[in-house]
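Here chain A shows up in two complexes: once beside chain B, once beside chain C.
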Partner chain A sequence: MAMQFATNATRMELLRIKKRLVLAHRGHKLLKDKQDALMRHFLELVDTIRELRKEVEEKMQRCFQYFLMSRISTSRPYIEEALMVSNKKLDIEFESKQVLNLQVPVIVSRVEGDIRSYGFAHTTGNLDLGLQLFEETFPKLLELAQAEKGLYLIGDDIEKTRRRVNALEYILIPGLEETRRYIQIKLNEVERGNLTRLMKVKELIRED
Partner chain B sequence: MFSTKIAAVGDFDSVFMFQSMGVQVYAVEESTKGREHFSQILKQGFEIVFLTERLGEKWSDIIQEVSTKRKPTVVLIPDQKGSTGFALDRIRNVVKKAVGADILKEKRET
Partner chain C sequence: MKFYVIGDEETVLGFQLVGIKGKVARTPEETRESLENAFKEEGLGIIIITERTASTVRSLVDQYIYKTTFPLIIEIPDREGKMEGRGSVRDLIRAAVGIHL
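Up next, the complex of A and B:
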């Protein structure tokens, strides 16, 4: 049984509690709806992420194979040098999308230029192939970043919302109900007491 | 040439190609020093930080701290030795916490 709140058993208090009860029910319903909506977004994101991650991991694995081959014949300084002169321009911007009350990031990226602007002398064809593949994979990585951040933000909020829903459903609402019942019983008792007292007084007066 | 918004952290062989995309690359080792370096990188205002799973597993506490902040977004990537599955584990944990059930596991089996 839920704990009742410490109150005075008065009619005023009863009215107040009835009002709070209505409010609590309404809040509960709203939060519950919010939780459902968040959950829908969340599950969509989970699906997207699972697919993206699988794809990215597979592609990166292939990239690494090329890079491994290129590393056998090219030493680190040469690779660093080759990549240094890349004239690739990457510009990302963060916009945000509103998911209910949450701001979820959306990444807008613009890529310009060619990665393979280094000389041919010190690097191998494998590096070229690997980089090309990586270039294709990179937008997926950005998508993944966006989706994962969204997932964490929404997940966090679902948890908070659920805690609130539960607090309302299992603590506040039953507590208020219990208190209302208590006050009503108490008031009824007082009413009955008054009635008998009146009857008694009436009897006393009549006997006189 | 470098974007100041994205960084990649990991051993050289696993992250050097990010440089070609104009991403700031930090080659760090798995050590106390590397750990400090990484938490410093996170404070530098990057939007996205790519981190190899192997390092992410070691430094998961640092990642956890920023995971619900707006930025940076830490994305775990497989390194040259392949995926450890840690990134997926992390996602599964979030799902478990949010949904209250391990729904990913079921889906995997079917």
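Up next, the complex of A and C:
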């Protein structure tokens, strides 16, 4: 049983509580809707992330294998040289997308230049293959980063919203209901008390 | 905005090939330090960290992931592959939302 609030049992108070109750119900409904909507976004994101992560992890793995092979067959200075002349430019910018009340980052990336700008003489095909795969994977990695951030943000907000919904549903609304009933009963009691007193007084007057 | 890589030598080298700067972190202290430095740096958009490296300073990484908006942190597997026992998305959901899917 929910605790009633400490109040004076007056008609004013009763009106006030009735108003609060209406407001609480409305707020509860709104928050519940928000929670459902967030949940829908959340679950969509979960699906995308699951697929993306699998793909990215598998591809990165292969990239690193290629890199490792090229490390074996090419000496370090050559790799570093190849790396130094790389004119690949990666630039990203963040924009944000509104998901209900949340700002979820969206990554816009700009890729310039050729990743394989080094000479072919000292490096092996493995490096080429690795880099090519890497180039392919990178946008996916960005997408994944973005989706995961969105997931964290939405998850966090779902939790907050859930707390609010629960607080309204299990504490505030029952409490208000209880208080309203209490005041109503109390007022009725006073009413009856008054009535009997009145009858009694009438009786006394008539006897005189 | 820029990227930054923290991880083992292979990974960092790989990312350097595509023009992303990085820091090799071999010990938890190095990782912690480079993470903190990365967060202080201006204009960083995404921090890429390998799972193995991240797992040595798990609490710090989690703190950054959940608390800060920028930069984004993404964990990737290193060349030795996906780490066993890493929390899947499913666990993450359970922790964040408290529901079972």
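Structure notes:
What we mean here is this: the second predicted complex is superposed on the first by the 204 of 208 C-alpha atoms of A that agree within 3 Å, B and C clash if a C-alpha of one lies under 4 Å from a C-alpha of the other, contacts with A are read in each partner's own complex, and residues count from 1 in each chain.
As a convention for this text, a residue touches a chain if its C-beta (ideal position, glycine included) is under 8 Å from a C-beta of that chain, and two chains touch if they have at least 3 such contacts.
Keep in mind it's a predicted model, so treat the numbers as computed, not measured.
For the composite obtained by superposing both complexes on chain A, the positions of chain B and chain C are in clash.
Shared-chain residue A:179: touches no atom of chain B or chain C. Looking at the shared chain after the overlay, A:74 reaches neither chain B nor chain C.
When the shared chain is aligned, chain B and chain C each come close enough to touch A:156. When the two structures are aligned on the shared chain, A:53 is found in touch with chain B and with chain C. Overlaid on A, the two complexes show chain B and chain C touching the same residues of chain A, namely 42-43, 46, 49-50, 53, 56-57, 60-61, 63-64, 67-68, 71, 79, 83, 86, 88-92, 94, 105, 107, 115, 130-131, 134-135, 138, 141-142, 144-146, 148-149, 151-152, 155-156, 158-159, 162.
Taken in their complex, chain B has these residues touching chain A: 1, 3, 5-6, 12-14, 16-17, 19-23, 47-48, 50, 67-68, 70-71, 73, 75, 77-80, 82-83, 87-88, 91, 94-95, 97-100, 103-104. Across the complex, chain C is touched by residues 42-43, 46, 49-50, 53, 56-57, 60-61, 63-65, 67-68, 71, 79, 82-83, 86, 88-94, 105, 107, 115, 127, 130-131, 134-135, 138, 141-142, 144-146, 148-149, 151-152, 155-156, 158-159, 162 of chain A.
By the touch criterion stated above, chain C contacts chain A in their complex at residues 1-3, 10-11, 13-14, 16-20, 45-46, 48, 65-66, 69-70, 72-74, 76-79, 81-82, 89, 92-93, 96-98, 101.
Within the complex, the chain A residues that touch chain B are 39, 42-43, 46, 49-50, 53, 56-57, 60-61, 63-64, 67-68, 71, 76, 79-80, 83-84, 86-92, 94, 103, 105, 107, 111, 115, 130-131, 134-135, 138, 141-142, 144-146, 148-149, 151-156, 158-159, 162.
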